[in-house]
Amino acid sequence: MTASSYILTFSCPNRPGIVAAVARTLFDVGGNIQEAHQYDDVETNLFFARIRFNFVANDNLTACRVALSELAEGLTMQWKLRATSDKARVLILVSRFDHCLADLLYRWRIGELAIDISGIVSNHPGETYVHHDLSGIAFDHLPVTPQTKEQQEARIWQIVEDRQIDLVVLARYMQILSDDLSTRLAGRCINIHHSFLPGFKGAKPYHQAHGRGVKLIGATAHYVTADLDEGPIIEQDVERISHQDRPDDLVRKGRDIERRVLSRAVFWHIDGRVLLNGRKTVVFRD
Amino acid sequence: MTASSYILTFSCPNRPGIVAAVARTLFDVGGNIQEAHQYDDVETNLFFARIRFNFVANDNLTACRVALSELAEGLTMQWKLRATSDKARVLILVSRFDHCLADLLYRWRIGELAIDISGIVSNHPGETYVHHDLSGIAFDHLPVTPQTKEQQEARIWQIVEDRQIDLVVLARYMQILSDDLSTRLAGRCINIHHSFLPGFKGAKPYHQAHGRGVKLIGATAHYVTADLDEGPIIEQDVERISHQDRPDDLVRKGRDIERRVLSRAVFWHIDGRVLLNGRKTVVFRD
Amino acid sequence: MTASSYILTFSCPNRPGIVAAVARTLFDVGGNIQEAHQYDDVETNLFFARIRFNFVANDNLTACRVALSELAEGLTMQWKLRATSDKARVLILVSRFDHCLADLLYRWRIGELAIDISGIVSNHPGETYVHHDLSGIAFDHLPVTPQTKEQQEARIWQIVEDRQIDLVVLARYMQILSDDLSTRLAGRCINIHHSFLPGFKGAKPYHQAHGRGVKLIGATAHYVTADLDEGPIIEQDVERISHQDRPDDLVRKGRDIERRVLSRAVFWHIDGRVLLNGRKTVVFRD
Amino acid sequence: MTASSYILTFSCPNRPGIVAAVARTLFDVGGNIQEAHQYDDVETNLFFARIRFNFVANDNLTACRVALSELAEGLTMQWKLRATSDKARVLILVSRFDHCLADLLYRWRIGELAIDISGIVSNHPGETYVHHDLSGIAFDHLPVTPQTKEQQEARIWQIVEDRQIDLVVLARYMQILSDDLSTRLAGRCINIHHSFLPGFKGAKPYHQAHGRGVKLIGATAHYVTADLDEGPIIEQDVERISHQDRPDDLVRKGRDIERRVLSRAVFWHIDGRVLLNGRKTVVFRD
């Protein structure tokens, strides 16, 4: 068998025989299924799957794509196929708080996140990140004011297009994307919301949580949509707090939750484990 | 030393010397501090403490109460003193779903919850609970309709008074207490809210959570106040769910969270570990 | 479509085309795959799967079994097929501590565990369980001494055979099964070990944990094998403890972990989610 | 009141009146208790406390130390007093895996860990850490062979003495300290053990865990003692794994557990929250 693996993800209206048809199609072009996850949503009657396969003998990718295309047409299937060796091109947007950035950079450096970091955009100047090793990474300082917002978003979009960005990560980027940009980036822009949604939406959620006296705080990674704080949730996690914790302690504890929730979401997204299902997600966790 | 232990809980405006004064007072009447927790809320400038102590020689309770009274007056202190051997009298209110009731009964039977169950009130008939051993426990069937609600609440209050109830537990009691009764039971009525507040308030929170596609569900135990779902939170916990979980699965998984959150809240309350701090709580966890 | 669902579980040496072949086989007899999990163990080169399906039109079970038999022969496949409406017959063995028993009984009563409780065997007399409603459940008091152990195990085995028991649950049964009985019950006898294995094997693990000063305690559900405390692990969970916890507190907190770990293991086992893989398990969690 | 806070930690044989005496002593020198934790170990009959206080008017530290000295003598008390503004001097020992180092450096840079990093010692050359910003931090490359071990440990000890190191952190330092050095660093050297002790001691614990098929993996931060892997445990945590995880996945998931467990242990140690109690610890968690 060859070394390369491929990830096929797809969704389509459910009907009998989908698995058989896809499995047969892959088998016929010499594919060997290594891992498979599927989910049948009885509410929407949609079927979702992620299949990792390789080729028994020679890579037969062209024939495979042709066969899948034909099948997809018949099944009204939306599908993606990519080699695990193809690294996703990721653009990171960040503001002053850099804990998520630091975490992503570290995981990328040691090879845990198999991505290309194709750029970092910040509304703060490069000096903010002087302790990070950004050598070899394009950095754009795009300060945002109400007056410049439209223009700066245009530049972000230009970067996305020019560098063929696969995924935009809002790593505590404290600017709200316009409806227009959100829509253009639908399904390929992940935000970390520093709260356990839908608990405390909006600004300063840790202060809100403190005021309410909750006993757990959390964070939420979600796809960005025009409807702020309402995008499809990918991952959430929490940590226990107590009456002793002041807002600053919540912010400190929150940093740990945020970075691990965001990095999981990015990891799963690039590994083809997250599929959109309307305003929800299907996540085949690792 | 004698076998009995006493729990002193108090709160007062913070000022230097409180601990020294209380410790000295207890020492002077022959008390030996076995365990102490304290918390100084810098926002409200209130001081909270829980002290477990026994007497080195003979129990000197009368002198102890007199001394504490004097001290309390000087410090504008609210305080409670009880022997750990005095079991709290608990009234459980329940509706059709009996998982929290079953859990409390079991913990009580094996001596884990050192309480007296002074009665069970349900808006469902006794047959609902035929699989539980309620022998020796007063059971009142008080069905509630809009017309009878006031009258039935009067009977509940009568029970609370007649039996000198220390704590009312709403163990998935699906009736909303009136503002009046909530107010009378302030600080001694614990509800289990089948949601991670303030995520999904109101009815059918697991269905709401399912609709929103969250990745964690939770439950919240809180003191009942007139402001529904807004009472001081005592304890919360969560469990991970996935896209595979249907509303019924959430309800099933929720039962486990609800019963452990409620039993912890009750356990801590009767052990003097929960102190009210405005609309929040101070919880000295075990 | 018909209402009944079927669970097919199987394992076999891995080779290309297994999924395609099984999916095709089911499709050909009118089956519709509703849910599928699979796992390819690259170390042992074994393939594991669980497939839930129903029939599009009429239930075609006989043809389905015939087709699967043929396929299984070709693939050297071990397989099981059962209707979700067929309840597993479960025998519970218990000793003095009844918290796991109480938990299983409750989940069974409310329909959460879709099993038939075909009997309870205890080395303690029936009076021990007077607070439980055991009406309609066969109860056998089989006290064990070194002298009677062989004979009592023979009676247990007789019960297993006579009542066609599918699963034996050791719900804190404080007798060690003989190698012989363990072997006969291989893969259908689940034990709850009151420790996070392999941390503290053997007797009084909570006391061992206390002595060592660990900060988390746990419990382990595993299949029983002749090699005590070494059987394939199905599920584990932990809870945080502190220096304040005495051995009794660990035992108390341990009860909660034990019952939830055991009930999950039983739930997953009867739902066909646990497959044996040598001395390990494959668990397709719900 | 003045801005500075002080942390007093002490332990002594338990007897009535300790809290009263200490509280009185602090009060008499103008101290105001802001936070207090205490623990009475009934097994060893030792009493442990941590008290944070400030001075109502002027800092009266000399008088305070004199008064505490006298008291300590009478109570056979071991005690430490330090200003929260005095930063602990920390030496980090590291080998090739730098995830714990990266984490500690980040927390230090943003002020979360209020320490001075007084040096980094590695048995690997400085180039290993080229992506970290080590500017301003002394770095010593001390490669260890069986022949040079004694000599290199002497140099480490020299560094500890010269720089008045308060705490040595073994941040995945893959060399076993000699009994002699372990003993000299007793109570001020924290190791992260990449396993949930006492589950899998020794080398390659994640591979051991994989082989055993456990469902949770963990990490343990403990004080270093001559008895390898047996030092007093400060903190532990776990993460859920599944049959899908290969040893490499366990190593990856383990990194996250290790860094958060180690950073918590260091945070609590420097904040005076960890007290030694024989081969166990008392941890007043934040």
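For reference, chains read A, B, C and D in written order, and residue numbers begin at 1 within each chain.
One rule holds for everything that comes next: a contact is a pair of C-beta atoms (placed from the backbone, for glycine too) under 8 Å apart; a residue touches a chain by one contact, two chains touch by 3 or more.
Values in this document were obtained by computation on a predicted structure and should not be read as measured data.
Chains touching both subunit A and subunit B: C, D.
Chain centres computed from CA atoms place D at the largest separation from subunit C.
Across the two candidate interfaces, B-C and A-C, the one carrying more C-beta contacts is A-C. Note: centroid distance subunit C to subunit D, computed from Cα atoms, is 42 Å. A separation of 37 Å divides the Cα centre of subunit A from that of subunit C. The residues of subunit D that reach two or more other chains are 35, 39, 244, listed in rising order. Contact topology of the protein chains: fully connected, every pair of chains touching. Here subunit C touches subunit B in the complex through residues 35, 99, 102, 106, 109-110, 112, 130-133, 244-245, 249, 252, 255-256, 260, 286, going by the rule given at the top.
Against subunit D, in their complex, subunit C makes its touches with residues 39, 41-42, 196-200, 212-216, 218, 232-238, 242-244, 246, 277, 279-283, 285. On the side of subunit A, the complex with subunit C involves touching residues 16-20, 23-24, 26-27, 31-40, 56.
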